[in-house]
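Per-chain residue numbering starts at 1, and chain names A, B and C are given in the order in which the chains are listed.
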Amino acid sequence: MPETTAVAEDRDESQITGKSIRLEGVTKRYPGQSTPAVDGVTLEIPAGQVVMLVGPSGCGKTTTLKMINRLIEPTEGRIVLGDEDVTAIDGDQLRRRIGYVIQAGGLFPHMTVAQNIAIVPKMLGWDAQRIADRTTELLDLVSLDPDTYRDRYPKELSGGQQQRVGVARALAADPPVLLMDEPFGAVDPITRQRLQDELIRIQQELRKTIVIVTHDFDEAVKLGDWIVVFREGAQIVQYDTPERILAEPADEFVESFIGSGAGIKQLALQRVRDVDLKEAITARPGDDAAEVLAKVEKAGHGHVVVLDERDRPLSWPSRRALSRMATIPAEADERTPVIGSGATLNDALDEMLVSNAGAALVTGRRGAFAGVITIEEVMDAIRAVRASASDDLADAPVGTNAGSDDGTGDEVAQDG
Amino acid sequence: MLWPSDARVAHGDIAETRPNETDRYATDGVSTRMWEFVGDRFDEIAFASVQHLSLVAQSLVIATVLGVGIAALVYRNGTASSLANGVTAIGLTIPSFALIGLMVAPLGFGVAPAVVVVVFYAMLPVLRNAVVGLAGVDRALVESARGIGMSRFRTFWQVELPIAWPVILSGVRISGQMVMGVAAVAAYVLGPGLGGFIFQGLSRMGGAGATESIVTAVVGVILLALVLDLALVALGRLTTPKGIRA
Amino acid sequence: MAEALAEPTAADSALRPWRPLLVQVAALLAAGAALVIWLVTADLTAVERETLNPDSLLQLLGQHLWLTAVSTVIVLAIAVPLGVLLTRGPMRRAAGPVLAVANFGQAAPAVGLIVLIAAAPFLPNGFWAAIIALVLYAALPVLGNTMIGIRGVDQRLVEAGRGMGMTARAVLFRIELPLAVPVMLAGVRTALVLLVGTAALASFINGGGLGLLITTGVNLYELRVLVTGAVMTALLALLIDWVGRVVEHVARPKGM
């Protein structure tokens, strides 16, 4: 498969990890407005990390995000991508190197999924075969079957699927940086949770630099390596890890923004993949039910996990259900509690409480079965989180409103 | 027909002799002659304007009654509604000059074909908007009206029509603008109004006062359209219930 | 059609709008045939025979179509770029006044406009006078719908395009204009219908076209000539409208 190698090589060239971003004293003033919309923001975004910009609506977080790819031109200040000052380069060229995702994906309704994804590669002059291969690869990456979805129009997709295509489109030319503006704002809570898990999984694979604007603090805690809390005029109130913002909010503003239940929110900091999963007996459709039942009884388990040909869970019948079957059925059971390995313990708990089993199936890459998580693991994790409230003391990157003169002193941490 | 080209030659000769001066002279001349024309014929113009406006206004009243009436009959029935919409679309596609010509066959010349054609065109936008407006009234409102014991007719008159009225009225405004021009064409079959000045000018093309006559009619119709539209806006203010005003 | 039939669901939804279109064209053809039969079987006077012979009818029809076609091309060439321009950057501020003036001008009676241009000094006569008047008269719907169509494109899509590094020109040609096509085409169809109807007035100023039958019919009180002209003009307008609908249906971007 020579094509695959070509794509892999290309990825090596442009580095799998993202590039760092530095805003130095970036200000945006609109004519006729007395106070600047964004006032002298100096912000360091470490390479390969997810940084969440949160704050009340109208606080300037979206303006800040759009100044990174210069969709909004800053009035003052510098933008540095990696080692390169991009403040004055051609804006269109800059944006082709930065992925951009907006609410509901922003897919062009008159283009198919494949055409949407191909836009940036085409502008970069890729040949048709390379674009086609890349499209297939990306659809796979965002868990959409390429053959089914390639030629569909956006209106033939659900909201969540559109958002996935939006992410695939932003990743098309393998940009080091991904900017997302309220990406999951327009989908229902269940889909939002799935998409968040998916993003976490993709980020594990790609290690891009991702900047996400959200007004949902829970989303920020779940997705962010770092969180920047803004107040009006893009004043940075706190820039720190989710753990420490939850444990030590800088002031009352941050506290009120976190809202109640900071303790339970810390559960959202723990991922399912950080917990030891239990193994399970698995079976395939068409297997002899009696044989499977014997295996399950021998292992002392209560259920068997039925997997399809790509190891994705189909159903999770109990011993009692097994005893009534002749062969294992191929139908998928929609009630099967399934959770991605990137999901938080909070989500896992939710899913378990819904299912009767008090447990959930965990899936990893491409939806393949990875193990079972039970309520006991979650309880253990809660105890552990309580014990170690905030002992990891990573140095926070710079984030101030000091203005451009301060921008050169780069490696100064905000405070210990 | 030689007169139009004759007229052009005459103008062309003057223009070629001394372009700049003639231009200024021509401008002065045109505006002077224009005012003279209006001054001399003021009574005639005023009379034609009133006739034009009254033809349009009366036709609009008839058209509104007819349009709303037909809409009231069809808006609850899908097939009838789409039939009405089809008639509207076809009617608006037929050129007014063609229809005026057709009407001469049964109705002869004069006021009769003018009124019929103007009413016909005026009715179409009203009908279309009335169907849309009435169909757009929240069914829950109608049900609650019926629920408190209002009769079918009372529901229509006191609930549905007032709510649909702004949409219907915007149809009436479209009609007003449109039939101002239709009424001008109707003068060709000797209908009343300002259109007469256009055809007078046409028949004397190149002669004295021809252009002035046409300009009078065109400007007059535009002004009348403006006046009528303002009047309809004012009518809308007066007749739209406060609670649903935009 | 073949493409639409490939997928059963797509064909199903595509078939429904075709049915009324087929009914319409069948009705038009039937009306046209009825007119021809009436003309062939009628007992015509000498004048009528002279005016209504197939050659001269076809000539007038050709003139009428030519008037319509030339003015349509000019309208498109002027109004579409102007409409696009009035949605760009600083020009946007001029959009309101331009539309207001255009709307105001639309109230001018078409017949007055045509006759006035022919009467005005330094302006052409006959065919080109008619063309100027037709263009002035029919530019507004195309101009307006171009602007409305482009303005109606979801601004987030424009931003998404810009955010991906598309140039302003690429966003215009690959996103804004394709998405504005349905609204723009509706404007073009409206303009076409206006043009066919207004072209009938060209005969007043020696511009030719089917209107000549109507004016001749009125002047000589030849009702058969009059009716023939009126019916042919009406049928032509309906036919052009039908063609416009077919084009709108075919040119609608897929996926919308």
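The criterion applied here is as follows: a contact is a pair of C-beta atoms (placed from the backbone, for glycine too) under 8 Å apart; a residue touches a chain by one contact, two chains touch by 3 or more.
Note that this is a predicted model, so its numbers are computed, not measured.
Colleague: How many links in the shortest chain of touching chains run from chain B to chain C?
Modeller: 1
Colleague: So which chain ends up closest to the centre of the protein, judged by Cα positions averaged per chain?
Modeller: C
Colleague: Starting from the Cα centroid of chain A, hunt down the chain whose centroid lies farthest away.
Modeller: Most distant chain from chain A: B.
Colleague: Go ahead and note the Å separation of the Cα centroids belonging to chain B and chain C.
Modeller: The separation of the two C-alpha centroids amounts to 21 Å.
Colleague: With centres defined as the mean C-alpha position, give me the chain A-chain B separation in Å.
Modeller: Their C-alpha centroids are separated by 61 Å.
Colleague: Need the CA-centroid distance for the pair chain A / chain C, whole Å please.
Modeller: Taking the mean C-alpha position of each chain, the two centres sit 52 Å apart.
Colleague: Over in the complex, which chain A residues touch chain C? Could you list them?
Modeller: 69, 71, 92-98, 100, 102-104, 106-112, 119-120, 123, 153-156, 169-170, 179
Colleague: Please name which positions on chain C make contact with chain A in the complex.
Modeller: Residue list for chain C touching chain A: 156-157, 159-167, 170, 175, 178-179, 253-256.
Colleague: Under the definition above, what is the set of chain B residues touching chain C in their complex?
Modeller: Residues in contact with chain C: 1, 4-5, 7-8, 11-12, 15, 26, 89-90, 92-99, 101-102, 104-105, 177, 180-181, 184-185, 188-189, 195, 198, 201-202, 205-206, 210-211, 214-215, 217-218, 221-222, 225-226.
Colleague: Which chain C residues qualify as touching chain B in the complex?
Modeller: Answer in residue numbers: 104-113, 115-116, 118-122, 125-126, 193, 196-198, 200-201, 204-206, 211, 214, 217-218, 223, 226-227, 229-231, 233-234, 237-238, 241.
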